[in-house]
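Before I ask anything, here is the structure I am working with.
By written order: A, B, C and D. Residues from 1 in each chain.
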Amino acid sequence: MSDMGQPEPGTHTASEMMMVAAARALKDDDVCLVGIGAPSAACNLARLTHAPHLTLIYESGTIGSKPQVLPLSIGDPELCETALTTVSVPEMFAYWLQGGRITVGFLAAAQIDRFCNINTTVIGDYAAPKTRLPGGGGAPEIASCCQQVFVIVAHSPRAFVPTVDFVTSFGFGTGADHRRRLGLLTTGPSLVVTDLCLLRPHPHTKELQVTAMHPGVMREEITTRTGWPVQFAENLSQTPSPTDEELGVLRDLLRRSGLTRAGAP
Amino acid sequence: MPRILSLQDAIADSVHDGDTVAMEGFTHLIPFAAGHEVIRQRRRDLTLIRMTPDLIYDQLIGMGCARKLVFSWGGNPGVGSLHRLRDAVEHGWPQPLELIEHSHAGMAHAYAAGAAGLPLAILRGYAGTDLPRVNPQIRFIDDPFSGERLAAIPPLRPDVTIIHAQRADRTGNVLLEGIIGVQKEAVLAAKRAIVTVEEIADDLRRPSPNSVVLPAWTVHAIVAAPGGARPSYAHGYYRRDNAFYTQWDAISRERETFLTWMRDNVLRIPSSPPPRARG
Amino acid sequence: MPRILSLQDAIADSVHDGDTVAMEGFTHLIPFAAGHEVIRQRRRDLTLIRMTPDLIYDQLIGMGCARKLVFSWGGNPGVGSLHRLRDAVEHGWPQPLELIEHSHAGMAHAYAAGAAGLPLAILRGYAGTDLPRVNPQIRFIDDPFSGERLAAIPPLRPDVTIIHAQRADRTGNVLLEGIIGVQKEAVLAAKRAIVTVEEIADDLRRPSPNSVVLPAWTVHAIVAAPGGARPSYAHGYYRRDNAFYTQWDAISRERETFLTWMRDNVLRIPSSPPPRARG
Amino acid sequence: MSDMGQPEPGTHTASEMMMVAAARALKDDDVCLVGIGAPSAACNLARLTHAPHLTLIYESGTIGSKPQVLPLSIGDPELCETALTTVSVPEMFAYWLQGGRITVGFLAAAQIDRFCNINTTVIGDYAAPKTRLPGGGGAPEIASCCQQVFVIVAHSPRAFVPTVDFVTSFGFGTGADHRRRLGLLTTGPSLVVTDLCLLRPHPHTKELQVTAMHPGVMREEITTRTGWPVQFAENLSQTPSPTDEELGVLRDLLRRSGLTRAGAP
């Protein structure tokens, strides 16, 4: 990020800031299990900017995908056609995810609590739900088997809740050494990227705390949109604004993807 | 050796009310044509198995074919909810739907255990999640070597598995290519298997000795159904109709628009040409 | 990403005295050139793992490289005994050889468990046989669902796995084709992996999207070793030297003829050209 | 076998009779896991005569092999090149053998006892062996997972022993319902083919008994060469001699295979 210039203020949206901040967290030698939506945008943005060797794996079985457009689903033709190889779904989950070969897993969240437990299953009671969500998919084992987990979620009190209605993906449970007590040897969630800020688990308590705020964001805004009394790190930093290159590549990617999707097959 | 049948005959022969049915295809090669035929033949009380229920199961559920769903992710990928699935779970329309819910890793291991003839699948999974609380099939065992706690789930063993593939040869050997998902495991785990294909060819044209091929003797019926995966896709034949996946959100949101669409686009479409013509 | 090394450097870097080493290849793609380099570098006290020890392990054992052998079938396929293996087991020459003996099914499942990061492999196996009596690693567990008794064995996790493959591209992605054996699992289960290849090419030329490919980041060293599988074979490059397999019976039967052959055909052959020339 | 003519006496060897008798036991719709040597000869003889659709599987992973020459090893190029498909060895043992898809498995034996338990591991004590044999390979699970098992072994007192030194492949243990008591649901060994006769397990005791004798063989010869007081079935039949076609195809196959093997690769 040495060549990061400062674009004019007001030239990017909060959502763009979120995707750019997520992309920056990826390293060139990461092997990334990519979910659809913001994670896919962030991973491909990273690949098209500072991390050209980033390995993208989609749970449909494609390894080393280099899509030119963002896929609508995790099994779009583009993913297989641009992949180094495509394996079966059982092999993907056994040898590649469970085998511990993925350095970063991306998760989205309908609800997330202060210990980074995630719900994508159901709002309300499981047996008589208010809202039935799609469910876990790959997430429960992405959360336990990837070396670390990044979460991308828009910051709202509906999402940042004191207690999730259902633990779809285990973060730090009730905090501290809960992961270890369950026998989980992976790091777990190490970064939550929102449209307002970055949060990371406290080294000991594992409670999420704000470690960086995006440009123009006030503390109060974060506090108001978080369903628990959120903590701020002592060395709170400010996220650098998106560079012109980052914004240009991201917008180009989204534009290309939109055009492709609207068209007939 | 499999029989080469019309779609109508294959479904009539192999799919019965009350059966446990798996239609697989991970985004790719989803057997839509076969699913529509199941709807037209008004099968009832099915236990449907599928990792990613997708639009075809939204349609089966909305048309009242299903009593139970075994799944791991029930959404319209990249678009949002499956509204018919939600309506069944949230409001019991057109009938209540029992859920047996897993993670993808769990389902994938359970299909593999079914294919391998094992009475259980073992995985590092479900740790700390609430899924074992709502799915009593998820248990835990202690590894005798390390003492570690591992998840144990029963295998998936469908009465019938239905998949779509690129090609079959005239003896009924089947080639799959691209995103191959869990189809091989789903076929090998099942009592009966129906495979719809883009074409039945003289030569299987497998590109590699290690291509994914199902020998004819693992399949019970082969059906020529060109375009049979649309709006999903067939690698090498046609692309995914992403626009339709997006449109489905509006079509399926309300019961009335859903029923109208199903009547006009599925029920009123002739089942298939007379038995012999297509095979 | 793997380094592209000379055979000499790759073995010197990755194979150490006392290591647990798996050289795999089920009849096909056996890494003979790499095995010979291990012999030339006089590695000692190795624990050798291999489903079918074959001639290359007969040579390693006869040359005193091995302390222990983990295996499931130790013969010269279609010919008879491995005489050096037998001499080590029956007479302790050149040194005693500890055996950890499995069935093929057990070894295959144990490699797969190693690749899958599981602390055990479960299979329907070993029932009624005497193998669990002589191999304490073979245990039995009760399936919590059916109550059935199933075999449980620990995973295989070599310090280093060495395989031979058809091709690598210049970034180190590897293509295998034909009888692919347990090579993918053996590589993924290992801490380090060395792959010798027939050629390092600009393009991997994989015939199918589902071809068996090891991504570069799963491999630690790539070595160009054309003919490196002889007298085994490389599908698409050269055929198996069945005549040599037959001749090996006479060469290896007596210690003297064996040592002479090894001296003339392995020890006196230059290790490999200087590091950069070949890579 | 309706078109089976009677060749001149003395025109075939005992070994040829053994391979022909084994071949005849295979049906056109069998799926056969083939071992090297006599089993491979028998299976390919069957495929080239009365069972053209016989599916041959080799444990190296080849499915539907149609070799023109007999392979020296179970992984010869010919097996892959003529196969419908070739799978990995873990898949072969998990999905195909353990999955219960093989109707007939062939086993060889260094020692076999009256309950068809087989030793291919060691003569003498395991820890201090008189002769170390190659070991089990695929045999232990072939014996337990194939729907039925055929054994081919030359008839000698060294092979037909009262008790095997090591149970590599479990037949019927101590007889009767021993398989069931171990939870084995497959049939187990149903036929032993030797150069003298056919033996099958008694329906209840599971002790092997001679059910057919090859042409020209005397009872005494079998008794002498069997290490236990072998039983003869009540309805003892005579094996029909090899037909001209069977002998012709077999000899042609062996001749082709020998020539190929002797030549350079």
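Keep in mind that, in the parts below, a contact is a pair of C-beta atoms (placed from the backbone, for glycine too) under 8 Å apart; a residue touches a chain by one contact, two chains touch by 3 or more.
Keep in mind that this is a model prediction, so the values were computed, not measured.
Listed by label, the chains touching chain C and chain D alike are B. If each chain is reduced to the centroid of its CA atoms, chain A and chain D end up 58 Å from each other. Averaging C-alpha coordinates per chain places the centre of chain A 40 Å away from that of chain C.
Multi-chain contact residues, meaning those touching two or more other chains, occur in chain A at positions 80-81, 86, 94, 98, 145. Annotation for chain B: residues 112, 117-118, 123-124, 148, 178, 180, 184-185, 206, 209-212, 235 touch two or more other chains.
If touching chains are joined by edges, the resulting network of the protein chains shown has some other shape, matching none of path, cycle, star or complete graph.
By the touch criterion stated above, chain B contacts chain A in their complex at residues 26-28, 51-52, 71-75, 77-79, 81-82, 85-86, 89-90, 101-105, 108-109, 111-112, 123-131, 134, 148-149, 178-182, 184-185, 212, 231, 233, 235, 238-243, 245-246. Put simply, chain B touches chain C in their complex at residues 117-120, 122-124, 139, 141, 143-146, 148, 150, 152, 154, 177-178, 180, 206-212, 235. Within the complex formed with chain B, the chain A residues making contact are 36-37, 59-62, 71-77, 79-81, 86, 88-90, 92-94, 97-98, 117, 121, 126-127, 129-141, 144-145, 166-170, 173, 178-179, 182-184, 260-265.
Residues 29, 31, 53, 55, 63-64, 80-81, 83-87, 94-95, 98-101, 145 of chain A touch chain C in their complex. Taken together, the chain C residues at the contact with chain A in this complex read 1, 112, 115-118, 173, 184-185, 188, 206, 209-213, 215, 217-218.
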